[in-house]
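Written below as structure tokens is the structure these notes are about.
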Amino acid sequence: MTENVNPGSLIVGMPALLVIDVQGDITTPRHDAARDFPMPRYEEYMQRVPALIAAARSCEVPIIYMQEVHHPSMIDFGRELDGFERVHCLENSPGTAIVPEVDRRPTDYWVRKRRYSSFFDTDLDILLRGLGARTLLMVGGFTDVCVHYAFADAHQRDYVCRVVEDCVAGSSYEAHDAALAAMEYLQHGCRCVRDELIAALRDRAATIASG
Amino acid sequence: MTENVNPGSLIVGMPALLVIDVQGDITTPRHDAARDFPMPRYEEYMQRVPALIAAARSCEVPIIYMQEVHHPSMIDFGRELDGFERVHCLENSPGTAIVPEVDRRPTDYWVRKRRYSSFFDTDLDILLRGLGARTLLMVGGFTDVCVHYAFADAHQRDYVCRVVEDCVAGSSYEAHDAALAAMEYLQHGCRCVRDELIAALRDRAATIASG
Amino acid sequence: MTENVNPGSLIVGMPALLVIDVQGDITTPRHDAARDFPMPRYEEYMQRVPALIAAARSCEVPIIYMQEVHHPSMIDFGRELDGFERVHCLENSPGTAIVPEVDRRPTDYWVRKRRYSSFFDTDLDILLRGLGARTLLMVGGFTDVCVHYAFADAHQRDYVCRVVEDCVAGSSYEAHDAALAAMEYLQHGCRCVRDELIAALRDRAATIASG
Amino acid sequence: MTENVNPGSLIVGMPALLVIDVQGDITTPRHDAARDFPMPRYEEYMQRVPALIAAARSCEVPIIYMQEVHHPSMIDFGRELDGFERVHCLENSPGTAIVPEVDRRPTDYWVRKRRYSSFFDTDLDILLRGLGARTLLMVGGFTDVCVHYAFADAHQRDYVCRVVEDCVAGSSYEAHDAALAAMEYLQHGCRCVRDELIAALRDRAATIASG
């Protein structure tokens, strides 16, 4: 049943943190000054992610890492090379690894994907049902590609969706902003910033503990 | 197998025309001057659709009408009322019907959907496989919601996607433009205008006829 | 979250009645004496269905009719004609209609499908989530095709599944029995008979009413 | 488009070999004499698989290993423990590994799954589309669970399906036989034996080589 969501309520039911494609390297500026790709200061947005993961973990919120991977034969790229993106995320390439800064633990979850949406032909929904998750907290990149399409699919699957706008970055500033606006179109109040979310997670944990 | 697409080639393999949510009324201006919703002159964009359908039909291109529907009990809205949209497309409401101007024929195809994406829990993919379709030509609305998410899903399912930019309209101008840019990010050369597409369809039909 | 199921508990959480492919005619013996197809007395099994529907309705259990349909062009048959089945369920054929004996109401739900499984490229899961259904009560035919594959998919989607074994009938006795055994392999205690289920539905309704 | 299949034709278009859940140990008899589980001489059926893989590889047929896995937290078991099966295929358990006898190569494909069907929330279909595969050759176990449900899903997705009946084994003899009969119901001529298939693969390779 689709719960009614109290406007202003950041977390509805059980939350889960979805860390989307935080792969490769978040220590080095990636910006190509010649063409606004990805958006400037991309790495700063990603560098905010590890502290959110740590806070979520301390509040017993499940952490799920999404990782885009492609077979070295490139057989599974589909139409992904018809547009702006070049060959990416080959399974045997070091840059495909989830970044070490996120400090992945054996109790965390890890879901590989071959397409942009976290739900497309993956077992993410099985995992979320098992966890009883109702609210998905999304961070990572690109805001306008993998995050946007994960959000749209989660929305269509009846999840409450939240995007942490200082922990997602896009293929360009303009595309990042447009994608956030598109998410807000789908679910009002879905946009939040990291420190507000950490406070809400701690409030929730305290309420449960005093329960 | 994913065909290589010749850049500049508008139609790859068998095309199909996807008419997305052209429901209700395309004769009356729908624009709410107070808030840019949907985008101004929405109806003019939709009024260009019937001639494209007629041209596609004369070229023996299959026509597929997508129709968003919801049960009168509203049980199947999921999270669709959490955002900008109000109650819409109830099965027993006259405004839910596909517009009469499109002149639907028994040989056309008609797919109902409960969510924004044309592929989400529908039989569209079964139909497209049956037709042997490789290139999807998309028209209708909203550019930034049902068209964008159909495009993203079609892209992820390896279809060549084309959006007819003077036959789609959005929830706002800004959202319409951003969605078209997002589609171009996925597949270069996906944007076309109606008359250019009609010419390409006729060229293709002539080539086949001269066989 | 996957509930623990108390063995012997017929209904877990909210139930829904899934009436699978009760189409055409349930008044006429259908058995082809020459080849055991479908199983003998098929129509007797189907004739038990309307009373179960009435009982479920009186207990406020949602009723969902699944209907297999194919486009008259036959474009959507896929591989369904590679095996034992002949052309079936064309949209414009009278035999494709849901049987009148089931007394379908506007408050009931109706889901069309192009393949054997009730979940395959249909909006059934959207509906079940909207209803908050946890236990699916299955009747109809064929036990070994549309019922079995609906059961397997429901099982994989974490629903508690019950099959009413005197209200399902198969392509042959042997196939019917084997399919019921396969369902029991997946979920112990899933097999029940109609009158036992009606009693359980009434007990549940009385408990809720006295609530 | 759904090809017409010449009855008697074992391989239609591009084949792929699907090795389903050949995990753990195929050298040791697994039969529990007290209860016919799994079927007697299970290991003998599995021991025929490596030679088929070698033959397929020499004929340049893609090899795809399906592996059932569950997270050590057991969060993703869904309803799999409601029936006959006990806790199985934990990711950190040695018995979950694909058996070494199959001699997996980097050019092979490997798809993890959380449910019985090879297609359920996995990226198998993406891979098969990338390969251009039309005919799926299935081996492994159990005939009546993971093989049967993979076959049913592949059938519904329009693949030509072949099951190598001396290279699949079931939860019991009876269930194995019933599942093979159910597959034959879906696609006539789908049952073959290993040596017949190897001969067909070699004929096909020779025809291709001779241009």
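Think of it as A, B, C and D in the order they're written, each chain with its own count starting at 1.
Basically, a contact is a pair of C-beta atoms (placed from the backbone, for glycine too) under 8 Å apart; a residue touches a chain by one contact, two chains touch by 3 or more.
What you are looking at is a predicted structure, and each value in this text was computed from that prediction instead of being measured.
Same-residue interface: chain A and chain B share over half of the residue numbers found at their contact. Rotating chain B by 180 degrees superposes its CA atoms on those of chain C, with the angle stated to the nearest 5.
Centroids built from CA atoms put chain C at 34 Å from chain B. With centres taken as mean Cα positions, chain D sits 39 Å from chain B. Separating the centre of chain A from that of chain B, both taken as means of CA atoms, is a distance of 28 Å.
Annotation for chain A: residues 2, 77-78, 115, 129-131, 158 touch two or more other chains. Against chain A, the residues of chain D that register as touching in their complex are 71-73, 75-78, 106-107, 109, 112-115, 121-127, 129-131. Within the complex formed with chain B, the chain A residues making contact are 2, 5, 77-79, 82-84, 115-117, 120, 144-145, 148-149, 152-153, 155-161, 171, 174-175, 178-179, 181-182, 184-188.
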